[in-house]
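Shared chain: chain A. Partners: chain B in the first complex, chain C in the second.
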Partner chain A sequence: MESLTEGVWDAVISGTSLPQSLLALALSRTDLKVIHVDRNSYYGGVDAGLSLKEAEAWVEARKGTGKVFPALTWLTVTASSSESVEYGIFKAEQSGLGLARAYTISLKPQIIYAKSRFLPSLVSSQIHTQLEFQAVGAFWVFSDGELKKIPSNREDVFADDSLSVRDKRRLMGLLRHVLENNDDETAGTRQESLKIKLQGQLRIPENLEAAIQALTLTTDTTVNVDSGVAMARLKRHLLSTGYFGPGLAAVIAKYGGTSEIAQVACRAGAVGGFVYLLGHGIESIRAESAEENLVQVKLSDGTQISTRRIVGMEDDLPSDSLASLNTSQDTAPPHPVSHSISIISSRLGSFFTSASDTGPVPAVSIVLVDRGQGQAPVYLQIHSEDTGECPTGQCIIYASTVQSNPSAQHTLKSSVDHILTAASENEDNPVVLWSIHYQSNEPLTAPQSSALLFHDDYKRIFQLPKRPHDVALDDSVLDSVKAMWQEILGERSAEYDFLRFEERPDPNEEE
Partner chain B sequence: MASHGVPRSATREQRSVEARQKELREIEQYQSLVTEIRQGVEKKDLSPELLDKTSALLKKNPEYYTIWNVRRLIFANEFDNLVNQVQNQHLEEDKKQSQVLDIINHDLYFLFPLLLEYPKCYWIWNHRLWLLNQGSFYLTPGGARALWDDELTLVSKMLTRDSRNFHGWGYRRTVIEKLESDELNGQSLSRAEYNYTTKMIGQNLSNFSAWHTRSRLILKILNEENADAVERKQMLDEELKLIHKALFDPYDQSLWFYHQNLMSNFDPDTCQKAMAPGLSQAEKVAYVQEEREFVEDLIEDAADSKWVYQALMDCVLIEGKLTGGLSAEMNKNVQTWLEKLKELDPLRSGRWADVQHTILRRTV
Partner chain C sequence: MAGRGPAGRSGAGGRFAQFKLVLLGESAVGKSSLVLRFVKDQFDDYRESTIGAAFLTQTVTLDENTTVKFEIWDTAGQERYKSLAPMYYRNAHCAVVVYDITQASSLDKAKSWIKELQRQANENIIIALAGNKKDTVDENPDKRAVPTADAEAYAKEAGLLFFETSAKTSYNVKELFTAIAKKLPLDQAGPRNLRANPRTGPLDLRPEATGQQGAGNCNC
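Coming up: the complex of A and B.
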């Protein structure tokens, strides 16, 4: 194997979060020389799937001042806001937790809609064969102390006896309106809020608002959500429903969702000949003279690498090299988001019933907890034992809300508690066996354009944007990865198709 | 294969010279198979080899119905041979039955993948029926019944794959009829089938076939159970409640079809054949007025649905028949609705103009 310090590398990719991993996958069939590093001892970066011990260590490392490693600090785009991070670990007194390795805690559990661009790209890039997909089942809303399943199609509405005739007619009108119109074209123009749209033109009674918002997976209050954005998401949900099977609108990859996809993508990079180094971060980046068009990258173990380009996400690049971010480029401002992850002592089977006798058994359920007027909703993503993330007889609840004040953690905790009470069957008394809570700063919307973010005038140091906080994986990640892929390949990008490969011949079959 | 909602497109691929040659060879093979089969039939050589040839041909083209006839000729011949053997005491009756059953099962097995691939081919369904009827003829009631029971399972599976395949629904009605027949020691399955339509409608409200089958079953149930006028009226009320519940979607044609079917109970020209023929004049008028009010209420949420105005027209015309004419106010409303219909359904504006004319003539 070639020594790392010799020669010139075409690219150094820092961090194995999903965007970087997809980039490695996209480049894996070219003859480029690429080194892919990650300062952690595991794959996945911000999308990692961690065992219990790893998750606890992850939280411990972030407690306190928020300094993660001596060489790196958390960087904020707006210098005025300070990073206030709240981290905590809770362990119940009662026993019931399995072995630490029996769990895969997903740091970014995201569902993938059937009618997304992302799913077909997993197929065309041939990595779908290494992934097992599970069904996302019904969406629920918890409002006024009641837990209710949300109808996703006309037959669901027909069968729902809790809805009045008027409710049903309005919902039917909404269904037809969304599918027959192109309201999504106004997305981003901020013409009116979702609340106004629902109450006004669509005449949806207020008691149904939370349920409809749940289907859009929008995270702000309905007064603040842009109606064009919401209608586009609602259309996506309705068109995706039933696409792969009755009652099924989205899927998730088994064993940790996006973490599994990142791992498989990196594996493709390795098969493509890229060098992989875990446990190695970037200590510094030094530009060479302009004519050479190279940068000198120093790894955390002192290794010096000469490369044409280096790309990573904000936290994967040393802060001093990020001083001059081209501010004319669009970066959606980050917003505090509170998270909690809880292991539950029961399987909460009522969330995982199949929509029909022929349909798949879902492994994920989504709940929107309505907190009333003027308060952003809490989203709960419930993963069953079938996701492989926990032992049988248990489940995991991922909770999040776009709120940063100290009461956010209490809000998440009480949301989880409400659901446990509402969903407990028979004498089953589900409790939280273990949980962590933390805060992150994430954009709430996807970047408006896929223009590249770069840090130096000679375009050698690139930053991939953070993905927006969202229950569903946003297709915009493909756009930023593609832009980077084109930048790296230059004119040669015309020779290749982005994320579209032939099946690799099985090495065991070759004579 | 075409299915509901999926447009059928003739694929015209660019054919290479090789592909064209291949196709010409296949056409040649096909035509020589046809010739061989015809010759075999002329010579009355109804052998297993001929059967194999028909199998090969039918796999390529199940729509060639003459070849199915040839197949049946071969089987009929085999059955005749078996019957003769029993008569000549060379074969026992129960051995004959098991051999007949083998032949039938073997061919049902042959048909199954063809049916999956061509679920709308009349001749495949037809041949299945022929085989099963042969079973009824030659086997004991118990043995035959087993075949028909399996067939009901099969058609249920086919309807799960495509719940709106009318071949499947028609076939199901035939199978049920056989299972209920005396020759198979059957009993009425109407209530169970009625529940089946409820289930299928719950899975897809636009299922014309399910609603249609339901309407047939209701008449059957009421007759079989010797329902009196009260029970008939009760069932009518339940069905009206159901269709009102489903009409939260006033844009669905299949729902309005069923509604129209229920309204035939109130129309003096059609009520004798309907489920509740014993309704009094006053009751009919009350029902029709209630329906008119229900439909008028739908205009609020569905002002652009032509079905709503059409249903209103139907209500009013029936009311007119019952009360011997329309009030001046009703006439005015009718004219407004007809104008609306001409606007919403411009392709049929001629028809609506005609209706206008007819009503005007009546009131003159």
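Coming up: the complex of A and C.
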């Protein structure tokens, strides 16, 4: 293979988070010369799936960056300061943990709705054959000390004894309203809040609010959530339900969700002949002149390469060597989000029962923990042993909330504890064996347009937008990747279909 | 038409399972040639270094009821950047680590790959060590640089399958892959074992497949 420094690269892709990996996949059948680098020693970037050791190192590396929480007495705090910690690692004294590499800890766990644009793109790009998709099962709500499964269809609503006849009628009215609602009427304009909409026009009793919010997967308080956005998301949930099987609305990819998808997308790039370099970041970029329209890129090991384009997410590009962004795009400001990831000592089987005798057994359950008093909810994503993210007999709970005050980590911990208590009737004393806690800064909504962010006047240095914090994968990632794909291919993009490939010929069938 | 659908779901009775196999080893030991012999029963004396990475599939029939399909990932051409292997051995069920029996240093390289696999890959990964270019030694015994007994002893100690092979004459090539197939956990509802309970198995995402899950008309 020729040396990296010879010739000119058509594109340098920096970082292997989902957007960059999808870009590599999209370009993988062109004859472009592409190098794909990541400063980390693992694939996936912000979407990575990590072993326990890697996850602990990931937490350690972030210590002391950003805001500081008061000490969490229940933590085995390994932070540098004794009185404050933003990131923490907890290990139970009695340990039933498996080998560190028997775990895949997903940094961005997300479900994918059946009726998304994303899934058809995976199919048309042929990479779905290398992925295993599993069912996301019931949505639950934990409210006033009680854990309740949310009915997944009309029949279940009617069969639910806890609902009065009047409640059932109101819920049917809501379903009708959502399904008959014309998208175009409401698109883009700010509506009243979800709370006002439910209580006012739809006359939904307050005790059903949390269950309805759970199906929208909106993260803020119902007072702050825009009802237009919420109704569109509720519609997505309803239309997706049953598409892949009874009671099923969404799927995840086995072995780490989006991290596995990113990985498989990178493999497509490698099969297409792109060079992959882990442990190599971008140290600096020089784009002084318009001469030949080339950018000089220095990698972290000192290697200098020339390229026509360079693209990455914010964290994958060196900030100091860049001019300010040129864009008309209104990006949502990042918002602090608190997360915890806990490994549980038992399988919590009651969360993973099939909705019907013949339907698939779900591997994921979603719980909205209603905290009342106008507070943002906590979402728990419970991943079963079948996801391949943990050894048999255990499960993983991913918890998150957009509450950003110092007690957010306590809120997450008590939410997980509530669920373990509620589930312990059927299990012998489930406990947290290991957990990590961290805060991220993420936009809460997807970018409004797919306009590209570019850093220099000659449009050679591009930045892909951060994906929003969301329990469900947002289709907008396709829009920014497509815009970038078009930018790199220029007029030649007309020769190709975005993420639409023929099956690679089976060598057994040739000749 | 190729029947590479969502892997699995074969119609007739019997077991069908798909496994991911990764190929590792130093440049020019014959990794791609071994795969080419196994998959297409071809050999090319002057095969150039593989550009990019190759992805091939091949089926092994163990008995009339048992078929194993390998997804084979060849790290070809990018050995020196060492960045492809982690993406390939992630969730791999089996690995073939190749060295050249006429180059002693290639066995050292193979040993370092095996160490990395034992440290980083699935705990249950099945690893086979293949000493390639047996034909060269058959023609001229002086060219042998790695005694069979040495490599065999190492393989035994490290718990590996071991074969000396020739991609050129096809010596032991089929045997190598069949031996791996026999060691794979076919009876477990393990990863990618698609004969497993369809209710916990993977979902078929193709729109035309919904509603006919398990209908079984795939000829793969």
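For this structure, a couple of remarks:
What we mean here is this: the second predicted complex is superposed on the first by the 473 of 511 C-alpha atoms of A that agree within 3 Å, B and C clash if a C-alpha of one lies under 4 Å from a C-alpha of the other, contacts with A are read in each partner's own complex, and residues count from 1 in each chain.
Just so we're on the same page, a residue touches a chain if its C-beta (ideal position, glycine included) is under 8 Å from a C-beta of that chain, and two chains touch if they have at least 3 such contacts.
Just so it is clear, the structure is predicted and the values come from calculations on it, not from any experiment.
Partners chain B and chain C fit side by side in the overlay (superposition on chain A). Of the two partner chains, chain C is the only one touched by A:R101; chain B is not. Using the contact criterion defined above for the overlaid structures, shared-chain residue A:A159 touches chain B, although it does not reach chain C. In the superposition on chain A, A:Q191 makes contact with neither chain B nor chain C.
Of the two partners chain B and chain C, it is C that touches the larger number of chain A residues.
Legend: residue contacts after superposition of the two complexes on their common chain; A:K168 is shown touching chain B, with no touch to chain C. In the superposed pair of complexes, A:R176 makes contact with chain B only, with no contact to chain C. When the two complexes are overlaid on their common chain A, residue A:N429 makes contact with neither chain B nor chain C. By the touch criterion defined above, A:S407 lies against neither chain B nor chain C after alignment on the C-alpha atoms of chain A.
Of the two partner chains placed around the shared chain by superposition, chain B is the only one that A:S356 touches, whereas chain C remains out of contact. Superposition on chain A leaves chain B and chain C with their closest Cα atoms 8 Å from each other.
Residue overlap on chain A between the chain B contacts of one complex and the chain C contacts of the other covers 358.
Of all the residues in chain A, the ones that touch chain C in their complex are 1, 41-43, 99, 101-102, 119-120, 122-123, 128-130, 132-135, 243-245, 251, 254-255, 263, 266-267, 270-279, 354, 358-361, 386, 388, 503-510.
Across the complex, chain A is touched by residues 160, 202-205, 245-246, 248-249, 251, 298, 301-302 of chain B.
Those residues of chain C that touch chain A in the shared complex are 2, 4-7, 39-40, 49, 51-58, 71, 73, 77-78, 80-84, 86-88, 90-91, 120-123, 191-192, 198-203, 205-207, 210, 213. Residues of chain A that touch chain B in their complex: 154-155, 157-159, 165, 168-173, 176, 246, 356, 358.
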